[in-house]
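What follows is a pair of complexes built around chain A, which joins chain B in one and chain C in the other.
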Partner chain A sequence: MARLYTDQLAVGYGASPIVKDLTLTIPDKQVTTIIGANGSGKSTLLKAMTRLIPYTSGHVCLDGQAIQTEPTKKLAQKMAILPQAPEGSEGLTVYELVSYGRFPYQSALGRLSPHDYDVVNWALDVTQVSAFKDRAIDSLSGGQRQRVWIAMALAQETDIIFLDEPTTYLDMAHQLEVLTLLEKLNQEEGRTIIMVLHDINQAARFSDYIVALKDGVITKTGTPEDILTKDVLKAVFHIDAVIGKDPTNNKPMCLTYNLLKGDN
Partner chain B sequence: MLATFKDLSIKQHLLLGISIFTVMFFVALRLGAKDVDIADVFFALFTDQKNEAVLVLRDIRIPREVGAVFVGAGMSVAGAIMQGMTRNPLADPGLLGLSAGAYLTLSLSVIFIPSASMLLTLVICFIGAALGALLVFGLTMAKKQPSVFRMVLAGASISTLLYAVSDGLGIYFNRSKDIASWTAGGLIGTQWTQLWTIAPFIILGIVVAMLFAKQLTVLSLNEDVAIGLGQHVTRTKIILFIIVIILSGAAVALVGNMTFLGLMVPHIVRGIIGHDYRYILPFSALYGAIFMLFADTLGRTLNAPFETPVAAIIAIIGLPFFLIIVRRGGQGL
Partner chain C sequence: MNKQRLKRQRWLLTFLTLLLLITILAAINAGTVNIPLNRVIQTFLNNGSFNDQFIIFELRLPRIFITMLAGMGLSLSGAILQSLTRNDLADPGLIGINAGAGVAISILFLFIPLEPGLFSYVIPLVGMLGGISTAILIYFFSYERHRPLKPLRLILTGVGVSTALSGFMVVIISSAEREKVDFIAKWLAGNIWGTDWPFVYALLPWLVVFVPLTFIKAQKLNILHLSEGVAVGLGIRIQQERLLLLFSAVALAASSVAVTGGISFIGLMAPHIAKRLVGQRHQLFLPLAMLIGAWLLLVADTIGRSLIATIIPAGIIVSVIGAPYFIYLLMREVD
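Now for the complex of A and B:
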């Protein structure tokens, strides 16, 4: 039994909810990526699963308990969430920000324990941001900044990490840097990673499991090989894709694509 | 020089701040329409010896400067909390309608309950500050993250309206002079009895704020990040809002409107101590107190024996901060 699943989840009110009747099991210790067109509800699904927004019916269950009934602080010790393009309080130093990843474990006036310091330093090291830990966030480049936010999520010491489009606004090299870091965390630490990605080739290259969403409903779930097919991409993105193989790692990839003609 | 100043530890900064505070407090007591000996200041503070200067100090100048300390600390902490909560570097109790709201209810109380006790007046100011804030936030909070300038514009227009209504009521009921003497006088005539009522609220507000300093930093990051870190965001916001209401309402009850103080001090403090509210809040209290002592001393000595309104002095010093932040596109200093 997987630790995290949704059961007939619905988000949003009215005749056309954003996410509808969505039942999904997230495989433990794997990388799961949610893909879909703009407005498909992928970000909404991620937010509902992490209690950033409330859901209207159904359940999100973690370790057999609905997340809406679990104390939020306790939940923060089990799952971390990196929202899309986080910003704010950019004057904090890298070290200060990452230290706040220990927030779920602290009382109002509590200081950091030796274990807290160890975790923070580990998070700074593994994301390779230790070198500028005393610099202000706003003096960093986009790629460095994103790594710092990931370090903060890591400092939360959770088995499950959610990321909403972690590569947005990054250039190609920095995108790959972030994704290989997540891959490493998954492979070496056994962390469960759930993310939303725009780029289906990145999704194919870095995921064990892909969830393809359209209009708030799952079109198909499966391995990259299951999802990167002409039919699925046609249904999800309304494109006519040419599928090939990435010569470096044998993963399927979308070589090129055209818009579909006609009214299907 | 600046580099070495930045390298000081938190403890050294605290020591430095407390030293400046102590010196400023004595300077404030010594200087004024009537300069007194530093010896008399000591006599007034630490002995029960009596002479003319000591009596002036004990009955007039010490309560006045103690009032300055509490108003300065309270307004600055209120400003810092508002800036963190709204993620708006231009947030200030004076700019976002709290002072104007308190001024309106204070005017109503002067007109309709002229015999109101200090405690009742204080509660009336809390209600007014909450009213002003809710009007401004109500206008802007339709969006999840209203823009920095939208908030300030709403604050300015609501404040103007509330002041106009207050002044209109004052004129209509022929009580303008009484209202003005309460609010325009700054710290003039601050009495121990007023302080005994107001100071506990300000102390309580600052202490509770300190307990929520870490929560405030988390909230200042980003709301989604705060939820992800396990914060009860709505509960935290309500508590912080109540603290802001108490601190700025108490300040208005004591000295009337005071714009830019709560804006400026937290920005200066961030330059000294960084952006973590665990440090911003206590240092805002400290430097807010120092700044208010300085401004009030200036007000008493610039054109002695006449008073220069302390609100005007603070506005003149504070306005450039506002303009610099606006020029930076609301990005803070």
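Now for the complex of A and C:
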């Protein structure tokens, strides 16, 4: 039995909810990526699974308990989340921000225990930001800054990490840097990673499991080979895709695509 | 933690404490009657003249204490509001707490006869009631069903409510007697008026409760200052903590302005300067912000008392410094 699953989940009010009757099991210790067009509900699904927004019916269960009934601090010891384009780091040093990741374990006064220090230092090392741990975050580049935020999420010491479009606003090299870091965390540390990505080729290259979403409903779930097919991409993105293989790693990839003509 | 910043904070705390002590001496010394330093020392050693003793212990010292306490309360309140709204432009005066306290105090003063002895203790309470009612009003107006509270919306609603209350104030005043209006006009200008020891005793308990409460919440303020998604992900109960901290901010500001009059900009400037010096971590900058706030208001009041024969309200002096600072911040925000 997987630790995390949703059961007939619905999110959003009114006649047309954003996510409808969604049942999904997240495989443990794997990288799962949610893809879909704009407005498909992929970000909403991620937010509902991490209690950032409430769901209207159904369940999100972690370790057999609905997340809505679990104390939020307790949940923060099990799952970490990095929202899209996080803010509020102005005026902080790298070390200060990463140390906030220890909040779920701290008493009111916010003192750090020796174990807290160890975890923070480990998070700084593994994301390769320890070299500038005393620098102001304002002075860092976009890629460095994103690594610092990931370090903060890692300092939370959770088995499960959610990321909402972690590569947004980054250039190509920095995008790859972030994704390989996540890959490493999954492979070496066995962390379960669930993220939303825009780029289907990145999704195919870095995921074990892909969830394709359209209008708040799952179109198909499966391995990259299952999802990167002409039919699925047609259904999800409404495109006419040409699928090939990445010569460096044999993963499927979308070589090029055209807009579908006629039938819509 | 960050040793460099901690070291700088310790150094600045010492420096500001010394600066504050020197300013206190200057404040005892200055005023319509100048008391030279040696006579001040003699008076403290219990060798002063009756006249000097009266001026120092009954007039100047309580005023100095009130000013410093209010400066601390206002700057702490501003610091909380700035972190909750994630906006450096937040200030208790700006978002209508002062106006709310002002309306309540004016109504009390104009329509409810009170014994002078009771007056000093009732006024912080009434100011606070006015402030809290205003805060509830602002919260109510900026609340949207099924949506998280947007901090910027809170500020804009506050500015609107503040303007409306100022209008209401004009209506109340226009129907009142002339000498009573005089008091209210001075209150609005931020003339430190509660200058007897009872006002110190009336204000002190509020600080004794809400200052430690805020410091206990320092780590939560750190987390609340981050994006809402990050804060929830870290496991903070966002709505409860926000409400409690909002309440402390209102209590600190309203009880302070109740005895000092409507003073703005201290809550804006002091936290901002402190953050520029030691960064955004509340454990480091809150104590500095309090000392800076106390010092700024004390300097403003001392200048106001000694510049010309009549007293210039501290609120006006603060505004003369604070308004350009506010514009500077605003322009930086636009860039």
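Convention: the second predicted complex is superposed on the first by the 261 of 264 C-alpha atoms of A that agree within 3 Å, B and C clash if a C-alpha of one lies under 4 Å from a C-alpha of the other, contacts with A are read in each partner's own complex, and residues count from 1 in each chain.
Here is the rule we use: a residue touches a chain if its C-beta (ideal position, glycine included) is under 8 Å from a C-beta of that chain, and two chains touch if they have at least 3 such contacts.
Being a predicted model, the structure only gives us computed values, none of them experimental.
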| item | value |
| --- | --- |
| Fit or clash - chain C, chain B, common chain A | clash |
| First, second, both or neither for A:L112, with chain B first and chain C second | second |
| Chain B versus chain C as contact partner of A:D134, first or second or both or neither | second |
| Chain B or chain C, by number of chain A residues touched | C |
| Partner chain in contact with A:P86 - chain B first, chain C second, else both or neither | both |
| First, second, both or neither for A:R51, with chain B first and chain C second | both |
| Touched partner set for A:Y95, first chain B, second chain C, both or neither | second |
| Contacts of A:T72 with chain B and chain C, given as first, second, both or neither | both |
| Touching both chain C and chain B, counted on chain A across the two superposed complexes | 47, 50-52, 72-77, 80-83, 86-89, 91-93, 96, 100-101, 103-104, 106, 108-109, 136, 152-153, 156 |
| Chain A to chain C touching residues, read off their complex | 13, 47, 50-52, 72-77, 79-84, 86-93, 95-96, 99-101, 103-104, 106, 108-110, 112, 134, 136, 149, 152-153, 156, 162, 164 |
| Chain B partner contacts - residues on chain A that touch it in the complex | 47, 50-52, 71-77, 80-83, 86-89, 91-93, 96-97, 100-101, 103-104, 106, 108-109, 136, 152-153, 156 |
| Residues of chain C that touch chain A when the two form their complex | 1-2, 4-5, 86, 146, 216-219, 222-223, 225-230, 232-237, 275, 279-281, 283 |
| Chain B to chain A touching residues, read off their complex | 84, 87, 211-212, 214-215, 217-218, 220-222, 224-225, 227-232, 270, 274-276, 332 |
